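Each chain gets a letter, A, B and C, in the order it is written, and its residues are counted from 1.
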Amino acid sequence: MALRAALRNKCGLIGLLSQQSSCSSHGRVYVSPVLVAQRRNNSTSPKIKVDYDKGTGVAVIHMQSPPVNSLSLDFLTEFCIGVEKLEMDKSCRGVIITSSQPKVFSAGLDIMEMYGKTPERCGEFWKAVQEMWLKLYSSNMVTIAAINGSSPAGGCLMSLACDYRIMADNPRYSIGLNETQLGIVAPFWFKDTMANTVGHRTTELALELGLLYNPSEALKIGLVDQLVPEDQVLPTATQTMTKWLAIPDHARQITKSMMRKPTIDKLTSNREADIHNFVSFITKDSIQKSLRMYLEMLKKRKS
Amino acid sequence: MALRAALRNKCGLIGLLSQQSSCSSHGRVYVSPVLVAQRRNNSTSPKIKVDYDKGTGVAVIHMQSPPVNSLSLDFLTEFCIGVEKLEMDKSCRGVIITSSQPKVFSAGLDIMEMYGKTPERCGEFWKAVQEMWLKLYSSNMVTIAAINGSSPAGGCLMSLACDYRIMADNPRYSIGLNETQLGIVAPFWFKDTMANTVGHRTTELALELGLLYNPSEALKIGLVDQLVPEDQVLPTATQTMTKWLAIPDHARQITKSMMRKPTIDKLTSNREADIHNFVSFITKDSIQKSLRMYLEMLKKRKS
Amino acid sequence: MALRAALRNKCGLIGLLSQQSSCSSHGRVYVSPVLVAQRRNNSTSPKIKVDYDKGTGVAVIHMQSPPVNSLSLDFLTEFCIGVEKLEMDKSCRGVIITSSQPKVFSAGLDIMEMYGKTPERCGEFWKAVQEMWLKLYSSNMVTIAAINGSSPAGGCLMSLACDYRIMADNPRYSIGLNETQLGIVAPFWFKDTMANTVGHRTTELALELGLLYNPSEALKIGLVDQLVPEDQVLPTATQTMTKWLAIPDHARQITKSMMRKPTIDKLTSNREADIHNFVSFITKDSIQKSLRMYLEMLKKRKS
């Protein structure tokens, strides 16, 4: 049932695109004709804003990289530095991640970082993607994703790396690891993180078909933990954080590490090989050709 | 709840038998008094029929070994050759497996291959069972089980090895790995395949009790993915195949391999030991005695 | 949803305490102001009573250590001897575990065994906890937990180690591994047992937050298999046992071992290291201080 519903979510070939362009399907209307690959105009503005409340020990990271918080090398670098600063501040016990952009949490990995780049640059980019996941999935802080918009591919991974996921109950939004729909493949640690969350079979179906789920489907399979009205996403995240912080930190941290360490160790002990795999795959002529076609389609839609 | 319901499905000692004989229990009537062990009359007819549509790249394998598509050495050999031919044909991208026999998808492993046979023959048989699973579970093609009848034991394994399972919504049909009810044991790779599909705990209950599930129970635990009216099983499989084939093959294949390779490697690296275990177990006096009693009960029911 | 509901179950800081003291929260009233740490008055009475019916091959272990069947070293030693005797009696095929104490199945590990004790004594205690789990989780007998009261922490572990769990449908009762709420940590084999039952993600949430579930929540996540009215817990366990015993013992035992051996092997091959870890952790000044504060709170509540 989830499969059939999720397949309906596709509006055109690529689910990710659906979120960015204007099309209508089964009562779902996408009204924001923006393009992931055409947002080079603000590269020097801060891509995240960190609000830290010393009183509560809780920080909120607002992702604010127009138009869709794509995970570029610059974005990831800034994000990782932001998380690391909070991690090293002993007084900071929890972090909420949310988006300042309308309708989108994060559109995922920036395709421009994978198209027409040198292997060295591709490797540098991939290392930053790994770093983002490693920092979040192993964080000693309580991490809550306040998912106030669509969250495909890398955006979904970022959510999955948190301790708890609260999503806006807006049927126009979707979430999922939809890489196969673009002809690329979610690597083993994306897969492990998803399987740790929704189980092996749901992950198999989701990854082979590149499924995007609307919020109620995502709740049903356990991809998110809770749905609330859009304007309640951040307040609910704050309330939930209070409950998590009622648990003694050291006991919660040891428990979290016990649950996640085997998955983290798999990447840390294969990090160079994983970078090598990504670079060999993404720089293949056939994959570059797929990406070019995808980018041309995006341009055509825009014009 | 599922346990209690599934236990109700037993009609007499052995669930498998229920499907083949005439008995009534809780509103379920089995009207086909056929016997698994007495179908030696057509050993030279083709046991499968393959319809391949070059236009769509989709093949349908019709299992047509009367009366209940038992998985004999001959059947398995023919089946594996059929799958391998399709696999080697680069134009074939998907295969649907279904039954031409009324009321049954496949009754599972042929008991006559395990009773009164030499160890060599038992080993040859088991190697063919392994081969069937390996070919299906690791297939590069999209594989869909169109389960238009009961599917106990080996029939269930064959379904589980596919990418997607559509079952006829007929409460008289059942599916499950019911080996323990016959006093035999599903080997580790049956267990792994089931656990990858329905999770560890459901597998534990199902295998320890040899549970057979009716279609709605099977859907609820995730043993099948979708129920449709009996005459819609094959059409729905064809429609579903179209959706799967919309995904770029290479991305789907790499993803499938990532999900299934660890489970496949466990068998391929222990294949001889697994054959040895099966042969030692099945040729034990106590097990042969159980099988003889089971076969005599089948004969008695028939007369 | 389960999370929010389970968090509501907390009545004060520590869920375990809720079961023992008089407080009211969201319609749940705890009326039994007993203290886990103050039950030294009957140390020489038998802590379990074993009723064995040779006719059916089924034994019932009644836990009868007032007030709350805390798992002290004495209790665990007696319990393990009782189970081992039944295991060695070839005629005994199944065992049902239940409580003779009102409102509680078992309150879990006895805190007095962890507070102010020598490392040697702590190690001896932990070895007994391991032994209880190893004996139950690997038992050749069918093991059914007839959970006729609350079952936090170690009491939950004891239930999880059985083959099947039937719980009284009384919303005042709760079950779960709530160790983190006391500032302590469930070790890896508690975690493995729970993950084998309810999956990775539910375990992650449950253990990080130390969640206690009421019976209907526990059923929903699969922590228990069946709910019945309180006076039907033992009769239902007996009926369920009959169904399990209809399966040939040897096939069920091999299957059970296949499902559980990897988890058991992880502890047996790390048993000394696990004891060492427990002793180092529990004898830390900070942990001893937490336990003292907890015990003082218990005393205060009583007076």
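Quick note on the criterion: a contact is a pair of C-beta atoms (placed from the backbone, for glycine too) under 8 Å apart; a residue touches a chain by one contact, two chains touch by 3 or more.
Here the structure is a predicted model, which is why all the values come from computation and not from measurement.
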Interface residue overlap between copies chain A and chain C, same or different (over half shared) = different
Given that chain B is a copy of chain C, what angle of rotation, in degrees and a multiple of 5, matches their CA positions?
-> 120
List the centre-to-centre spacing of chain A and chain C in whole Å, with centres computed as mean CA coordinates.
-> 39
Hey, what residues on chain B touch two or more of the other chains?
-> 199
Where on chain B is chain C touching in the complex?
-> 1, 3-4, 7, 13, 179-186, 188, 191, 199-201, 203-205, 207-210, 286, 290
Residue positions on chain A within touch of chain C in the complex are 163-164, 195-199, 222, 225-226, 243-244, 246-248, 250-252, 254-256, 258-260
